[in-house]
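Going in written order, the chains are labelled A, B and C, and every chain counts its residues from 1.
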Amino acid sequence: MSLTTTNIGTVNGLTGQRQSVSRRLQHLLHTNPWVSPLVILVLSIAIFTIINPAFAQPRAISLLIQQTAVIAALGVGQTLVILTAGIDLSVGAVSILATMLSAVLAQDAGLPGWVAIIVGVLTGTIGGLFNGFLVSKLKLPPFIGTLGTLSIFTAISLLLSGGRSIQATELPAEMSAGGERVPIGPFDLNIGVLVVIAIYIVVGYALSQTGWGRHVYAVGDDAEAARLSGIRVNRVLLSVYAVAGLIYGIAAWVLIGRAGAATPNGIVDANLASITAVVIGGTSLFGGRGGIIGTVLGALIIQSFTIGLSLAGVDDQFRVLAVGFLVIFAVAADQWIRKVRA
Amino acid sequence: MTSVFTSKVARRAFAAATAVAVGLTMSACAGDTAAPGADDEVKVTLILKDLVNPFFVALQKGAEAQAEKDGVNLTIASGKKDGDEEGQIQAIENAVLKGEDGILVLPAGPAVNSAITKAREAGLVVIALDTPPDPIDTTDQTFATDNFEAGKLIGEWAASATAGTDVVIALLDQFDDRIIQTDLNRDQGFLTGMGIDTADLGQNGDEAQTGTFSGGNYTIACQEATTGAEDGGREAMENCLTANSDINLVYTINEPSAAGAYKALQAAGLEKDVKIVSIDGSCEGVANVASGIISATSQQYPVNMATLGVETIASVVRGGDYPPVSDGLDFYNTGTALVTDATQDGVDSITSEEATEICW
Amino acid sequence: MTTTTTATPVLAARELRKNFGRVVGLDGVSLDLYAGEVLAIIGDNGAGKSTLIKCLTGALVPDSGTLAIDGEIVSFKRPQDAQERGIETVYQTLAMAPALDIASNMFLGRELRQRGIAGSVFRRLDKKEMRRRSYEAVQKLGIQTIQNITQSVETLSGGQRQAVAVARAAEFGSKVVVLDEPTAALGVKESGLVLDAIKSLKDRGLPVILISHNMPHVWEVADRIHIQRLGGSAGVITPQSHNMTDGVAIMTGAAKL
């Protein structure tokens, strides 16, 4: 006995039934949500290159990569949190706290460079753990919990640093090592970029090849189903926020290299920028779908708009407008993809 | 995974993609798209601190007007908000990439210095506007306003106008969560003009709460942040009045926040007993001086700054010279004048009528 | 199909009580499940069927009472405890992550890792093996219509989803399989699929607890029927001893056993 073929979902044409074009596109995007941002990125680069051929040169691409590095790193943590159907508004605050604490300790307490860097990463992890505690044990909605910690961490860094910037010249060399140039072929990268790429490789492996990764997706997709299947949902949530915090701590170090200073002004609007990158990258705000490939694509798209429009001589007001439209388009596309006939 | 890109799918996808492409191109064409390499035209990017502060808007308009006259192709860029150094770093890097001839920048902080240096090494002319960079030789030239001087002028006026009485001061700064040069210099300048010991000139809010100024005793009743806007000024003033209703002297970071502070005083019925001092010299602000809302303000000239900046950069790129720096300073001071209708001996000032002719 | 009365029940519950604030969920319910039988639990809405099941499977912790498996007293703090003891449950909500594929859902919470260093140090999943076993589990239940193990669960029809959930329970259940309203949302054809699957489980010797309010289905597959009423047990009947109308009457309190 078999059910009629119309009950089977859109699969490989095995049923012999032709699905409509949009349904097949929908299925493709459903299983590979990063295809859509990839297309947009390629299109954007193509268009901006047509407007100003300087865009496709190694110099421009190198700049694109360097400018994207910090947000791309923060975006990994944000992606993990959003995959669990949460959101992390404290991303910038945690990173800045890590930056300023490590810099202040290096300058005032004379900590050696490596120790200060580890302090920064630990700070980020602890901040993330605190967020995870609020969400998993106290059961606060992530929006509320991280909104609170945003203020708390910002206040702590302000108390520590008095709002001042500390130049890289006043810090041990290791702390700004992220800015050291690493030419690769015709491209001009730096150590910070390489570290961010390493983060992507490690987290990407964990998400796609380990049980932990599967659990992250399951918890975001249907937390109750995950719980009933024996997954310790609270532990997964705690670990996600903690890993995110760890990544923010590493990003804090990359930031010092990039800005040439430990400054609270290095990533203004980090939470908005990281969330935008995640959303444009095709990860669903409702959890359970997406991944970090989309996030780096999303971050690259936003930055390519910045460079591309700048090369085209367009004023900044229009860039802000364009990015706004981009976000709406991305969320609408995500909504469409989610509409799957049961 | 079998391919689902049948020709029909591909066609539909590219139709959608083309629509996006057209949209992007329309958006891009909204700005200047002069072909790179137009001969006598000088290409300059103006990098502001934010896009909303009326001071910077006036500066931008002034720059655009002068750019038209001097054959300069001007592109506007900005940080996301006052203090955004990373946004400015990106704008500088992009300008270099674009092959600009020069950059006019309002530095948001020291983190932009290395980007500026790299831009100069790449052959661009970089001129700072509004805020002198530290160290001063980071840029090729600087046209700025001495914000410390501006604060000092209103401080001296206030000290003279309140001499012989006890003053209760409210300090309404711009921010309390970050250090911005303008914010710092104006506040510390005001206190210096009053003859109050500022403790550390690099820090707001570290002064003694009570003590003496040049004309008597003072009490600092409160120090609040306004974000430089009218509603922020109102809220800050209300908080101050709740803490201490005897306030008789209010320092405000700029004229919008002064207007807001006045509204708060009015609501409390105290506007006649309180002197408000401010800095900016916008036409609205000067009108407020005329009507008595603001007792004294220091007028600055952002349009001058912008005009001089564009002129100079255009001339230097074409082979000309830099104008010399102002006496006793290491930058070109575009000037500050005290505007008040209640003149005080020993403090030079101009009237609100005179100020109206040169306001922005 | 006669009721087997082997000495030790596979699963035995005694005097289970559960309150939710002032609401009485279970009022001292006892129950026995013997090897190789299908025990149905019927009852009106709010009679405590779901609460009873959740207490048996670790989704809820009873306030008092005992549970025993093969005569040995056990207590479950979380669903995984019951799973480790061989009790597999198919909840009404199916407990499957819709965005994940069939194979992932099959092994959700008990993913297989690769052998050797890849598995122990790098914790790498053995996706190939999981897919192979999932396909087999689905085939074993006679579900011909699912050909692609990598399609996501949300693209399946209601009956197919239910069948996959049952296949999962059958794959990992070594002692008991519990099904909570498996045919509630299904049409005739799809229900048939599930009922066949239940019979196939019984043929393999796995005892099944079945909660349902679909009387024809219950009378078709059950060996014994436990009637739940107002938080307590109203008795146990068989399809032979009582017909559907009698059963419903006892369930609603119109008649007594």
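To be clear about the criterion, a residue touches a chain if its C-beta (ideal position, glycine included) is under 8 Å from a C-beta of that chain, and two chains touch if they have at least 3 such contacts.
Given the structure is predicted, the values throughout are model-derived calculations rather than measurements.
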Q. Which of line, ring, star, complete or other matches the graph of chains that touch?
A. line
Q: Using mean Cα positions as chain centres, tell me which chain lies farthest from chain C.
A: B
Q. Cα centroid separation between chain A and chain B, in whole Å?
A. 33
Q.
With centres defined as the mean C-alpha position, give me the chain A-chain C separation in Å.
A. 41
Q | Separation of mean Cα positions, chain C and chain B [Å, integer] | A | 70
Q. Where in chain B do residues touch two or more other chains at once?
A. none
Q: Could you tell me which residues belong to chain C and also touch two or more other chains?
A: none
Q. What are the residue numbers in chain A that touch two or more other chains?
A. 12, 31
**Q.** Residue ranges of chain C touching chain A (in the complex, touch as defined)
**A.** 59, 78-80, 83, 89, 91, 93-100, 104, 108-111, 113, 122-125, 144-145, 147-148, 151-152, 154-160, 189-190, 192-193
Q | Residue numbers on chain B that touch chain A, as the complex places them | A | 1-2, 4, 6, 8-9, 12-13, 17, 20-21, 23-25, 27-28, 30-34, 36, 45, 51, 73, 75-81, 83-87, 89-91, 93-95, 97-99, 108-111, 113-114, 175, 177-179, 202-203
Q: Could you please specify the touching residues of chain A with respect to chain C in the complex?
A: 1-3, 7-12, 14, 30-31, 205, 209-212, 214-215, 217-218, 221-222, 224-231, 288-289, 340, 342
Q.
Give the list of chain A residues in touch with chain B in this complex.
A. 12-13, 21-22, 24-25, 27-28, 31, 39-40, 43-44, 46-48, 51-52, 54, 59-60, 63, 67, 70, 154, 158, 162-165, 167, 258-261, 263-269, 306-318, 321-322, 325, 329
